[in-house]
Amino acid sequence: MPKYDKHGLTEAIRTLGTLNTDSMFSNDFLLTWEKHDDEIEATFLVADILRGMRGENISSRVFDSGLGISLFRDNSTRTRFSYASACNMLGLEVQDLDEGKSQIAHGETVRETANMISFMADVIGIRDDMYIGKGNAYMREVAEAVERGHADGVLEQRPTLVNLQCDIDHPTQSMADALHLINHYGNVKALRGKKIAMTWAYSPSYGKPLSVPQGLIGLMTRFGAEVVLAHPEGYEVMPEVEAVAKRNAEQSGGSFVRTNSMDEAFADADVVYPKSWAPFAAMEKRTELYGARDDAGIKALEQELLAENARHTEWEADERRMASTKGGKALYMHCLPADISGVSCKQGEAAASVFDRYRVPLYKEASYKPYIIAAMIFLSKFDDPATTLQRLIETGTPRIR
Amino acid sequence: MPKYDKHGLTEAIRTLGTLNTDSMFSNDFLLTWEKHDDEIEATFLVADILRGMRGENISSRVFDSGLGISLFRDNSTRTRFSYASACNMLGLEVQDLDEGKSQIAHGETVRETANMISFMADVIGIRDDMYIGKGNAYMREVAEAVERGHADGVLEQRPTLVNLQCDIDHPTQSMADALHLINHYGNVKALRGKKIAMTWAYSPSYGKPLSVPQGLIGLMTRFGAEVVLAHPEGYEVMPEVEAVAKRNAEQSGGSFVRTNSMDEAFADADVVYPKSWAPFAAMEKRTELYGARDDAGIKALEQELLAENARHTEWEADERRMASTKGGKALYMHCLPADISGVSCKQGEAAASVFDRYRVPLYKEASYKPYIIAAMIFLSKFDDPATTLQRLIETGTPRIR
Amino acid sequence: MPKYDKHGLTEAIRTLGTLNTDSMFSNDFLLTWEKHDDEIEATFLVADILRGMRGENISSRVFDSGLGISLFRDNSTRTRFSYASACNMLGLEVQDLDEGKSQIAHGETVRETANMISFMADVIGIRDDMYIGKGNAYMREVAEAVERGHADGVLEQRPTLVNLQCDIDHPTQSMADALHLINHYGNVKALRGKKIAMTWAYSPSYGKPLSVPQGLIGLMTRFGAEVVLAHPEGYEVMPEVEAVAKRNAEQSGGSFVRTNSMDEAFADADVVYPKSWAPFAAMEKRTELYGARDDAGIKALEQELLAENARHTEWEADERRMASTKGGKALYMHCLPADISGVSCKQGEAAASVFDRYRVPLYKEASYKPYIIAAMIFLSKFDDPATTLQRLIETGTPRIR
């Protein structure tokens, strides 16, 4: 359900007009912690406004033509559809660039490709989460290349970048998750003092990206929440991102703590986010092995990690743990798809009965992503977003005639 | 050639306004025999109106943005292009979901995927004709999932489904075929008493779907025609669909008979539709073998079926049989591509000289499909289709400036 | 940078109005030498006008809906993006038809496929450069098929064809290259007397198409330039195209000469275009071997050609040769991607320092291609292009709201 009806839209746009989003214009969205508070708030507002407009059958097609390039290192139905939905909502046609998994281009090759695909590109969405130290760096290389291309007169417009998941952050996921929480509790202030447990959970699969837990602790700590990161020893995330979480918590008046006990994390929690990931150190090692094309090493590491994982099958969001949360009713979150015990695998991240009980909120959580992506694009394309949105509403072109 | 000029369009829209299409709104198009006569007539009318509008360079873009999801179990250039054309004509951008051939998801997995791809989806077109008892059932699962997703507030709109071919029916094909006949003879009443022979024909390939013959006998029997289904013994279609055909024929004042003689079917026929298909019983067995992942069994069945097929190479639409039709000039139909003797294979469904003589009508037959699909989408999206179409014509936005 | 501002646009449109483009309407763009001088000039003008409109944020969306079909024999990120960009700019949605590399359909199969994909097609872009004597012939077959389909009432509109590269010509490349030169020197008259060296260069890869050098000599000779074609003995291009170049040069008051010395070509040149290609005779032989499915023969030929190539590694655009050009500052051109010595290969078409120095002009050269393709489409779709463009500018629909 959209948050805003027609009257609510106008008020939300008025609030948007009071926020400073100047530095989002003609800029990229790569890490949430590079954005100041007004910018984060504006992204939530625009996402809810775009959703409200759709609810009121008001077109948000701001591009009469234009391309949204997608550049994915791996297949991803969900991210693909979210990005395609966001682009479509704004009037951009998606054009996929498939570079293949293994090909990690560098330097001038990146510069050339980035320019060659960008003649009509307004946005480039990149998902590159496979190699530690590479994904976010690659995005910055592309951004620099198109910035230069525009300055050199090669590109008529400077396409802006949206990070659709990298080795460090997953801003479209964490922002969608946060907006889900905000609307679940009514407003962002309600997150103050809430205990949010981002916790590792067992999965029989290997090498899940760190960007979800990192994105979560890097963002949720901004709203005054009591954020707990729980994982078995050895499953540490990037120290830089923990540092971000600590700093955020200090500034927002919340807290950030780490524990090796899933029980401790769940106890009295308002929100639980149980999800598997690979240890940061192992992912670093994997990147080196890939760099050296050491196939035997990669296989050995995989076996090692699976064996290590298997020592922690007990890390499951089960009914006992859910019962220990605030009132036994913590909000269960996941980026989907989840590994569900006895359903998608023998033993997984969550008990089937837990997962089933939260199906509707989980789908709602996911439903925010296209709007968040669209909001990121919108704010990078309009220097006065409030006025543009107000004009769209006044014009009132119907989305469906 | 479009049926309607500008004046004809207005009259056709007036006729459309007298038909009751209420239950098509926000509904799916899965089987023609689930639609009452007004709905079938309205679909033909809207298809011809959309084609007429295109002829008059009047835009039929009713969606300012929106996605048309396509979900195909197998590759299909023609259906893909027909669906893409229909979506494009209405303003929807196609987004493909490739699930792969083998993966037949069930239950909550279907529910999750259906929701995840539908945030901006106005239509979902599904082609799933490979396994008896599965394709249509899968479509209903998806429909139920998005219905719930919309009710739960996950989806802003309820995407409607179009059956692009299933194990039971092929409504976009049979409706396009029927509209071809209607326009060939001038009007639907002219089909009354016409002998239409839907007949099996030999093909060297294995396991062609039953949905075409089933769709044909399930639809053509509604117009008072004398429908004959001919096939060698053992090549029976689904008994439920034969029952539909019988009931239809009784109600429409036509007839439905079955024969094991191709000659009998062709004799004095007004329309012949010679086309290969696999026996229903064999397709059921195949579905079981796939379910049990019995590769050896699948191969054995394939050999068995090819051997059985090879006993009926005589079932060909040849010149002798064509000469036996009404005045030697029956209208030859096919869903394309056809197996043509001496051209695409050594021995096939039709003699090359027969096929060549009917090339233009065959292409015309195919040309109705995009408009039929667009009409199905249109009628599921507008509660007062006549008024919407009239407004489009009055506004008169040119398709090409 | 667009050439025209708002005032410049109106003047350019006035010039366009004085040119005779009647025979481009409803016609295809297959070879530049089939187009008379007004048509070539109009294509440049429309490309620059469309670019200028984009610079002024004026929408060039002339199609409210419609499909641009792409039919590529091989993968090509750059051509794909250029074509998609051109279609998008005009309002056409790209729909890809992947026929696979090996499948070279003929006769009625081409006719059937061409019709089946064209029900909503306004344009068909084809890239088919792999087999001598086939690519351009195939395009003409498709053109004839849709012409007939339209005449027969199968297709509501006659899609026009754009040659995105064939065995004979590469008009979108050569026209983009020429427009780059025109804008580099200020106007087309400035090309008169310029020495343009189209020269073979060494590449470790095998079988690069002839369409680039052929396209270049077939077009650049029209502007009064001194065109030199240089290659090692045995690397001849198609004699028919050399004949075109000679005739053009005579008519335009320029010249066309052939040499076997790269040094001679570079000496005092204003423009150099060093690029590898396969010998015409070898490509003819390869086509025969493919036709006979002689895999051993194909492999043997490949080895032979690589060995022959390796005898000419000395053909490189190096600093010594660049220094010998006019003032040491010839404009270096390439269709990209280039084989750069020590970067993309051990030894290639150009020295790294040369390539690097010309990166910006090379990217600018490439940037013209989407506009050239869009101009070709535009001129085939509007019988009075100047009036249509003037109306677009007066209406002034913003591309970005």
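We just call them A, B and C in the order they show up, numbering each chain from 1.
The rule is simple: a residue touches a chain if its C-beta (ideal position, glycine included) is under 8 Å from a C-beta of that chain, and two chains touch if they have at least 3 such contacts.
In this text the structure is predicted, and so the values were computed from the model without any measurement.
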{"item": "Rigid-body rotation angle, chain C and chain B, from Cα fit (steps of 5°)", "value": "120"}
{"item": "Same-site or different-site touching of chain A by its copy chain B, using the half cut", "value": "different"}
{"item": "Distance between chain centroids, defined by C-alpha means - chain A, chain B (Å)", "value": "41"}
{"item": "Sequence positions of chain A contacting 2 or more other chains", "value": "93"}
{"item": "Contact set on chain C toward chain B in their complex", "value": "62-67, 93, 95, 97, 108-109, 111-113, 115-117, 119-120, 122, 149, 152-157, 381, 388, 391-392"}
{"item": "Residues of chain B touching chain C in the complex", "value": "1-2, 51, 54-55, 59-61, 77-78, 80-82, 84-85, 88-91, 93-94, 336-337, 343-344, 356, 359-360, 363-364, 366-367, 369-370, 397-401"}
